[in-house]
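Both complexes below contain chain A, partnered by chain B and then by chain C.
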Partner chain A sequence: MKCNQCGGKAVVQMRQHKLALCAKDFLQWLPDQVERFIKKYKMFTHSDRVLAAVSGGKDSLSLWDILWRLGYSVDGLYIGLGIDGGIGYSDESRRLTEKFANERGLRLVVVSVPDVYGEAIPDMAHRTRRGKTKPCAVCGLTKRHIMNRIACEGGYDVLVTGHNLDDEAAALFGNTLNWATGHLVRQWPVLEARPPALARKAKPLCRIYEREMAAYAMLRGIEYIYDECPYAEGSKSIYYKELLNRMEADRPGAKLSFYVSFLQAKENGLFAPHADPNAESLHACTTCGQPTSAPGECAFCRMTLKVK
Partner chain B sequence: MSVKLTLRDKEFIVKPGMTLRDSLSKIDVLPEAVLATRQGEMITEDEILQDGDEIKLIAVISGGYEDDKTEAVLLGINGDEM
Partner chain C sequence: MKCNQCGGKAVVQMRQHKLALCAKDFLQWLPDQVERFIKKYKMFTHSDRVLAAVSGGKDSLSLWDILWRLGYSVDGLYIGLGIDGGIGYSDESRRLTEKFANERGLRLVVVSVPDVYGEAIPDMAHRTRRGKTKPCAVCGLTKRHIMNRIACEGGYDVLVTGHNLDDEAAALFGNTLNWATGHLVRQWPVLEARPPALARKAKPLCRIYEREMAAYAMLRGIEYIYDECPYAEGSKSIYYKELLNRMEADRPGAKLSFYVSFLQAKENGLFAPHADPNAESLHACTTCGQPTSAPGECAFCRMTLKVK
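And then the complex of A and B:
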């Protein structure tokens, strides 16, 4: 198969775009696409200070690489979760993230959950009701808390995450199956800051297929953690992605169409704002000051205070 | 006469002369879920696999953060509703 741009040998075929590219043209094309969507959804500008949440995985490291190459002012935030799983998962992901940052001379903020909060995520999950069966809920809550805290304390204009199109389509699929109107109302490439102290968030990869991100990491030579989180097996998000990929195999572009049509429907007024039960003003947590949907202590403080 | 495909710790053997896409179909792997390399070089799905080829398949789908990546991250706060 030939590259549609230079006629050389293609290494990536994107059936949803009817496009095949060689390595050189793909490495130019993908960052151009990311920049296009940063501008389209008014995510941030070159004068903004950006904080990228990085896990050591292909999406977040590639996102950091792309934003850096595009000339944005972007620091990284790595959150050490204390997950071992017999493969030293957190240690290895931290090593790879630090290596990435050092090679490019980029600033990386590291927050170790066991060091700061006294417990690794699996221990925290084991102790609490919300994590009894699977630690993902505890992990998500912890990461959101820390990401927001560091973004606010560091004075960043926006926090970016490596959510790709497959992540967004899977989330949309799950939320639609459950008619989770609150989540559907909020699903958008950018979430504006809200008082008190809720950082602005953006997802620059929201229109990029997961497979394209993996191809970018590979062709760019980015060393990322290939092993899946030991707790990911059997997760709903992976199940939804597999279902969507079955459709994609038969009908190229199905995932993209599902997500983009949703965004367009929202722009045309599909959802009323009051469908979001959290649309009301947020409250400051009485312990940490971060935003929470109900008066009193936030869920994160309630969870971590039990450790102390 | 065979082609070997590996995906994580699994090995699959298929007949040569098929495209990568047909080979993936034979072993029930979704093309969207993997990248394929031969001798370290990425190849496209129309590539015809030859006798003796060893194809490394790289899984591209990650997840498990269902709370993080699907729901509450969209609100991005401390999740009292959870």
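And then the complex of A and C:
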């Protein structure tokens, strides 16, 4: 198999793009693609201060690497969740993230949930009704809260996350199976900031396949945590990814086509402008000041108060 | 397993409804469900003249049987496609349909495509560009043309088809994977008549699982053609049905929830009112007078003229 650009030996074949590339050309091609989507969806510019949420996994570390190489002004935010799972998950992901930042001389903000809020995620979750069996909802709520707080307090113009095409397609698939109006109407590569204090968010990898990201991390020599979060097993999102992978195997490009045709249909006005049930204005949490959909305390403060 | 209604021996278990029924109660329950959906979606009333498109398969014959038992005024329309496929597909399905009608003293209109249009579907398809490999597109176009013509010429108030939940969910799944705006905006249990001469259409079985229909046909002793159309093999709709069946096996009710939540989201105004690209008015075909989206000759007349 030959590289479609230089004729050398290809190491990555992307059937969905009818493209095969050597390591050198792939390491050029992927950041070019990311840059293209940053511009296409008007995510941010070179004068913006970007905060990248990094978990220590291949997607977020590669995203940080790519944005840094593309010359963006981008700091990292690592959230320590206090998850061990018998594999020292949080300790190891923090070590790899700090190593990555140090090697490149990049600024990393670290927020440790146990240090700041007094408890690790699994313990916090265990005390709440919905976290008894799985801490994922509590973890998601906590991460969204902290990411938004740091982005706003730090004066960043945009918060970026490493969601890749497989993540976005799986989320879309789940939202479509339930026809979850609010999620369908909001899902987009970039979400504008909203008063009071909801940070602008963007997903620069939303059109990049997970296996392309894995290839990038490997070829770039990025050391990342291989293990999934120990609590991810059996999640709906993994189930949807499996179904989409089956469709992709039967028809290369199926995943991309599903996501991109959704974006196009939306741009062409498929959804009614007022279909979003959460479109009304946000309120400031009476305890932390962060945005919340109903007047009073936000869900995160209600949860942490309940924990205390 | 006991019947949830009479405590007798259940013969049909419907995990998605958490319901098990004996033969007698199932044969009462299913028509009650169909009647419920006819009323819910305002498909037609007992004063309407109904034309049921019947293929000789379990769904359409059972639908005809159910509507007749519910006291609706319903004639049948059988379209002879001239498909043999080594199993005498069209001959056998016509024989079973005529037998069904005769046994019940019901009126059946028969239109033979080879007799009326001079050629069987596979031959007609073979002469057109898009029918070279598979005649399904030509067959669908022909059936839609004939169904609409007979419904209008016969002065029927509504044309009903035997599409069941599996059919509707598979169509929705395909339309969603491509975000086919026009199809998504139009898909509904009933479609209103439109000038000039587009008949009102309804799908009374749209919320009934295929396996419930198979159980109905069997328990009612309806003799139907078991074989699928020999050209159906490898179709996209069968592929989507397989995927949905896998989801249904993992989570009973998944198929129904997908379809019903779509209907609910639509009723709640998810789609923009003007998103349908085919919403503009229809024209009368200059040759046959039937409706067509562009001025001039309709696709069916263009095809049959090309054939001649």
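Throughout what follows, the second predicted complex is superposed on the first by the 308 of 308 C-alpha atoms of A that agree within 3 Å, B and C clash if a C-alpha of one lies under 4 Å from a C-alpha of the other, contacts with A are read in each partner's own complex, and residues count from 1 in each chain.
Keep in mind that, in the parts below, contacts are C-beta pairs under 8 Å (C-beta built on N, C-alpha and C of every residue); 3 or more make two chains touch, one makes a residue touch a chain.
Remember, predicted model here, so these are calculated numbers, not experimental data.
Trainee: For A:I222, decide between first (touching chain B), second (touching chain C), both and neither.
Mentor: neither
Trainee: Which of the two partners, first being chain B and second being chain C, lies in contact with A:R246: first, second, both, or neither?
Mentor: A:R246: touches chain B and chain C.
Trainee: Where does A:V190 make contact in the superposed view: on chain B (first), on chain C (second), on both, or on neither?
Mentor: It touches nothing on chain B or chain C.
Trainee: Looking at chain A, does chain B or chain C touch a larger number of its residues?
Mentor: B
Trainee: Is A:V109 contacted by the first partner chain B, the second partner chain C, both or neither?
Mentor: In the superposition, A:V109 contacts neither chain B nor chain C.
Trainee: Applying the touch criterion given at the start, work out whether A:A284 contacts chain B, chain C, both or neither, answering first, second, both or neither.
Mentor: A:A284 contacts neither chain B nor chain C.
Trainee: So in the superposed three-chain picture, is A:F271 touching just chain B, just chain C, both, or none of them (first/second/both/neither)?
Mentor: second
Trainee: Under the stated touch criterion, which partner chain does A:L19 make contact with: chain B (first), chain C (second), both, or neither?
Mentor: neither
Trainee: Quick check for you: in the superposed arrangement, does A:T181 touch first (chain B), second (chain C), both or neither?
Mentor: second
Trainee: Identify the overlap between the chain B-contacting and the chain C-contacting residues of chain A.
Mentor: On chain A, the overlap between the chain B and chain C contacts is residues 246.
Trainee: Write out the stretch or stretches of chain B touching chain A in their complex.
Mentor: Counting only chain B, the residues touching chain A are 30-35, 37, 41-47, 58-82.
Trainee: For chain A, which residues count as touching chain B in their complex?
Mentor: Those residues of chain A that touch chain B are 1, 10-13, 20, 23, 57-59, 130, 136-137, 139-141, 143-145, 147-148, 161, 163, 166-167, 170-171, 174-175, 180, 182-183, 186-188, 191, 198-199, 201, 209-211, 213-215, 218-219, 226, 228-229, 231-233, 235-238, 241-242, 245-246, 248-249, 277-278, 282, 285, 290-294, 298-301.
Trainee: Okay, in this complex, where on chain C does chain A touch?
Mentor: By the definition above, chain C touches chain A via 176-179, 181, 184-185, 239, 243, 246-247, 250, 254, 257-258, 261-262, 264-265, 268-275.
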